[in-house]
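In order of appearance the chains are A, B, C and D, and numbering begins at 1 in each one.
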Amino acid sequence: MFDTLIHQFWSLTFSGIALGFIYVLIAMGYTMVYGVLRMINFANSEIFMVGAFATVMVSKYVFKLSNDAIPPSSFKLFFVILCCLLASMLASALLAFLVELVAYRHLRNRTTNRIAPLISAIGIGIVISEIVRILTGARTQFSPNIIPKKALATFQGAEIRLDNTITIIAGLILFIILDRFIKYSRLGKGIRAVSMDEDSAKLMGVNLNRVISLTFIIGGLMTGAAGFFYVNVYENVKFNMGFSLGLAAFTAAVIGGIGNIRGAFFGGISLGLVEIYASAIIGTQWKPVTVFIILVLILLFKPNGIFGEAVQKTRV
Amino acid sequence: MSKTILNLKDLTIKFGGVTALNNVNLELKEGEILALIGPNGAGKTTVFNLITGVYKPTSGNVFLGDVAIDGKKRHHITKLGIARTFQNIRLFGDMTTLENVITGTDVRNKVGLIGSMFGTPRSRREEKASVAKAHEILKFIGIDEYADRLAKNLPYGVQRRLEIARALGTEPKILLLDEPAAGFNPQEKVELAATIKKIRDAGYTILLIEHDMSLIMGISDRVAVLDFGQKIADDLPSVVQNNPQVIAAYLGVPEDAS
Amino acid sequence: MINLRDKGAEFWERSNRPVRVLTVFAILAVVAALPYAGNTFLQTPVAAFDAVLVYPMGMFILMALGLNVVVGKSGMLDLGYVAFFAVGAYTMAILGTRTGLNTWEIMPIGIAAAMFAGVLLAIPTLRLRGDYLAIVTLGFGEIVRVTALNSEGIGGALGIAGIPFPPGLGFEYQLLDQKYFYWTILVMIVLVIWVIRRLTVRRPGRAWESIRQDEDAAELMGVSTYKYKIWAFVFGAAIGGGAGVFYASRSMVIAPDNFTLNTSILILACVVFGGMGNIWGVIVGATILGYLPDRFRFLSDARLLLFGLVLVVFMNLRPEGILPRKKREKAIVKKGSGASI
Amino acid sequence: MRLELKDLHVHYGKIEAIKGISVVVNQGEIVTLIGANGAGKTTTLKTISGLRKVSSGQILFDGQDISTVPAHERVDLGISQAPEGRGIFPGMTVLENLEMGKFNRKDRKSEMDEDLDKVYTLFPRLKERASQAGGTLSGGEQQMLAIGRALMARPKVLLLDEPSMGLAPQMIANIFRIITEINKTGVTILLVEQNAQQALQRAHRAYILETGNVVKEAKASDLLNDPAVREAYLGTGAH
């Protein structure tokens, strides 16, 4: 039972970290929104799905990539990656912005009922995934291989693959940029202020609606990036792909303490690893069950996450 | 001397690093009206929250009779005989006035889901008794004419009174009133004072947070003063009123230094 | 917009007992005669009309009534309601194909199994805040499906086939003419309405209402909120489970694919559309949303899209649904009106 | 600068919290609103700063009706508030909190430093704790921070909501001394207080509020020894 885990430990670890970074980025979508609104963005999994589709579309129809053709050379490869990544990020950010407008803004000013925005967000999530389902005929779309899955080096017998490496490095860079932005930029401080005390933030001159939109947009950018990396590693997209990844990323956010971006970083990486190790032991088909059990356990015993309020300084 | 019904012993509670209450001792005698006063932020509502189980004390105990009730569940404390009203009205707005009170009386009812589902004789009996009791309480408080109105549509003054009625519905031994006169005009305050006295005369013990001094002086048997989470006075109203420390806490110390 | 619920309530109040009894029987008679209306403008183009009456319409109404106790009455957002439906259905499928028990004997077992699943989920999660509860139930619904999918012992992805019809009671349940199924589910619906109405005007209903409106105040008024939340959850689960047993017994074959998140969303949309917290609204909502996609061909593929739109539009524009919860007050003699007390 | 409330009505849901009050604050004054809990003092301030909606009536600021201007834009007009309960950002450092006060001001760095210097001169304690998280400050220090932060926006009028709440007498005296100092630098102040004695000593004029109405308006020094004030707080029979 543990054979796979022991024999492929390092290879699993690299995949786990790469998967972890995908979770980290999607978790930003949840955690940013939660930080300012204290609400779960139930449409975030669909925002991710659309980001992933954007990469497939651009690589397939703009750059005409296909798995039969010769993979692009280094400069063109870089250019393709950049375009696909940007397309994913922008598509998701735009969608996130719309989700806020349609599902949250009106209700936020009108009702104190906490269920209403949740239902409305669920609804918009369904609408998005159904539109994609109808457009794609519910079929899985296979993506051309953008980043070649070649080994850069080996470590303890495990291959260090290019696609995983790019995911990890780019994910890390995006995370650091976001972290710095929230901590030091003027708008980042506005976001933090709203998350701590909405009324006081208004008294400082912070435009609440604008900050909330911005939060959704930033969350969308990160979630969209995750879509790009996901496509690179797994090479297929489907209208309902968001559900399980969304639940996992939400779990990652909760592990580290939702609303806390550094917590989400920690949560994403650890969940990625746990999931990959657990799959090696009990089989991939039980992955969602593992994630769900982790989520329930965390909510029960550590509802504020592993870091709890201790790292409130870094809170969004 | 009548016997002590509620006893707060060395109550201390800290939130983070801040000590909200520091070693507060307070005794409530059966059948009295005790007013708890003090400036904003002195810790009055915190005392209510400790008594009703919303907070657990950092140290110290709350005794109801001889039973320590700190740490017990909130609904259980209500069942033991303590009911309260809220400073910022928290009625069940989508229920009628009558239903609000009946929800209070339910704590004395025994029938559960199964009994209600099958409409057992006991469930029918209890429902009937609850309705009758609720009407009685509404008449007693003087708002029975509003029985079928939705609570959220009631005038402000009636809402405040309904808070009291709902609390009485739980048949408490002790009634905690949190600023029942807030937002009242002088005429309403006079009426409220009469109501509170009437409740006491009906056999309830009352602990009251209030800012309106004329109301307090008119009805309370004793006044306890909190300042900074500490009890600085506990005496007859007339004595407390002229206590320099109390005056200082309320009006501020005339500044002589500068 | 006129408040239909109040119009109905007004009529009900003005009527005396014989009129009320007559009204109920008249409505029941019309509803019961529906299977004979198949060749009118009501005809559904894809599936047979009598089948549509049973599923989705009847099933939706039944489940929406159950979910309404959880979401509408008690204010807990349960996004995994399909799980209880699945537990009921699988209980029927397993016991129906492997033991000699018939549908009516399995019914209480299926309900009990669903209630047990409800308790299992409720005990750890009902202490959580509303939005966490929503996502945990969402996950739970999916987990039940994934578990069924991966458990070869209960058929895996293929599910279970050959589930027996309910035994006839002087008549035979038939596949081609489903009016007996329809009448059976009608009886179940009437029973459920009757039970829910009893509960909601009595102590449990008040407890649920108070929890929905202000949980802390309810607790401080002596309502054991945790207990009543569990009850609401388990009661809803029981109805879902019962619906599941009947569904499996009618469909003869079930598979994990019948129990996706979509079903939970569809039922939630029925509740939201009709009016959270109001059983008549929920019935109207489930009837319309159950019927429309089968009546209009272009809607059947976009069914879920339509339901998603319903959620967004209704939450934003008419959060109280078609039939709002109790709004009307009995006329009162107001003394000294205008004064603030 | 002149701030004027004209027949202002404010509702919380169906309940009328402010029932048509008229208040005037002139350039350079300290005006105080006193009254018991529930009188509507805090609501009045929140309405001026835009956190509460006006039901009817006007808020005139330099002659212009600002009652529909959103809260975040009123800061730019020159209205700053140190809210009740201080409302500091607990997870930000003291310096960051102060910088938030300048959120919409595109000042040069030198102006920022100048304003910081001013605040630090008024509250030397804040300078010592500049890099400490706001949430770790004592109540008095938080109050200083709230006032200092409001000053960073270079307000024309400063709204102070119960600056003495929950503070030790020594600290209260200190805060009020600083309020006078701020006023002397040309900032107009509207002060809501329960600590009537202190407020009346410091203010030029005062309004007494009772259940959403202004029941008395007078020079602060006249009210200081007015039995009516004492009565409002301690009831008849106090002497």
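Keep this in mind: a contact is a pair of C-beta atoms (placed from the backbone, for glycine too) under 8 Å apart; a residue touches a chain by one contact, two chains touch by 3 or more.
All of these numbers come straight from a predicted model, not from anything done at the bench.
Q: In contact with chain A and with chain D at once: which chains are those? Just list them.
A: none
Q: What's the chain with its C-alpha centre farthest out from chain C?
A: Of all the other chains, the one whose centre lies farthest from chain C is D.
Q: How far is the middle of chain A from the middle of chain C, if each middle is the mean of its Cα atoms, in Å?
A: Using C-alpha averages as centres, the distance is 34 Å.
Q: If you average the Cα atoms of chain B and of chain D to get two centres, how far apart are those centres in Å?
A: Computed from C-alpha means, the inter-chain centre distance equals 32 Å.
Q: Rounded to the nearest whole Å, what is the centre-to-centre distance of chain A and chain B, using the mean of the C-alpha atoms as each centre?
A: Inter-chain centre distance comes to 49 Å.
Q: Chain C to chain D: how many Å between their CA centres?
A: About 54 Å separates the centre of chain C from that of chain D.
Q: Would you give the residues of chain B that are in contact with at least 2 other chains, written as numbers and ranges?
A: 153, 156, 185
Q: What are the residues of chain D that contact at least two other chains?
A: Residues 135 of chain D each touch two or more of the other chains.
Q: Chain contact graph: line, ring, star, complete or other?
A: Contact map by chain: ring.
Q: Where do chains touch, given as pairs?
A: Final set of chain pairs in contact is A-C, A-D, B-C, B-D.
Q: In the complex formed with chain B, which residues of chain D make contact?
A: 13-17, 36-38, 135-136, 139, 162, 164-166, 168-169, 172-173, 176-177, 194-199, 201, 210-212, 230-239
Q: Help me check something: in the complex, which residues belonging to chain D touch chain A?
A: Against chain A, chain D makes touches at 49-51, 70-73, 75-76, 80-81, 83, 87-92, 96, 99-101, 103-104, 133, 135, 149-150, 153.
Q: Can you tell me which positions in chain B touch chain D when the two form their complex?
A: So the residues of chain B touching chain D come out as 16-18, 39-42, 152-153, 156, 179, 182-185, 211-217, 228, 238, 241-242, 246-248, 250-255, 257-258.
Q: What residues on chain A touch chain C, complex-wise?
A: Chain A residues touching chain C: 39-40, 42, 102-103, 106-107, 111, 113-120, 122-127, 130-131, 134, 243-244, 247, 250, 285-286, 288-289, 291-292, 295-296, 299-300, 303.
Q: Write out the stretch or stretches of chain A touching chain D in their complex.
A: So the residues of chain A in touch with chain D come to 186, 189-190, 192-193, 196-197, 199-208, 312-313, 315.
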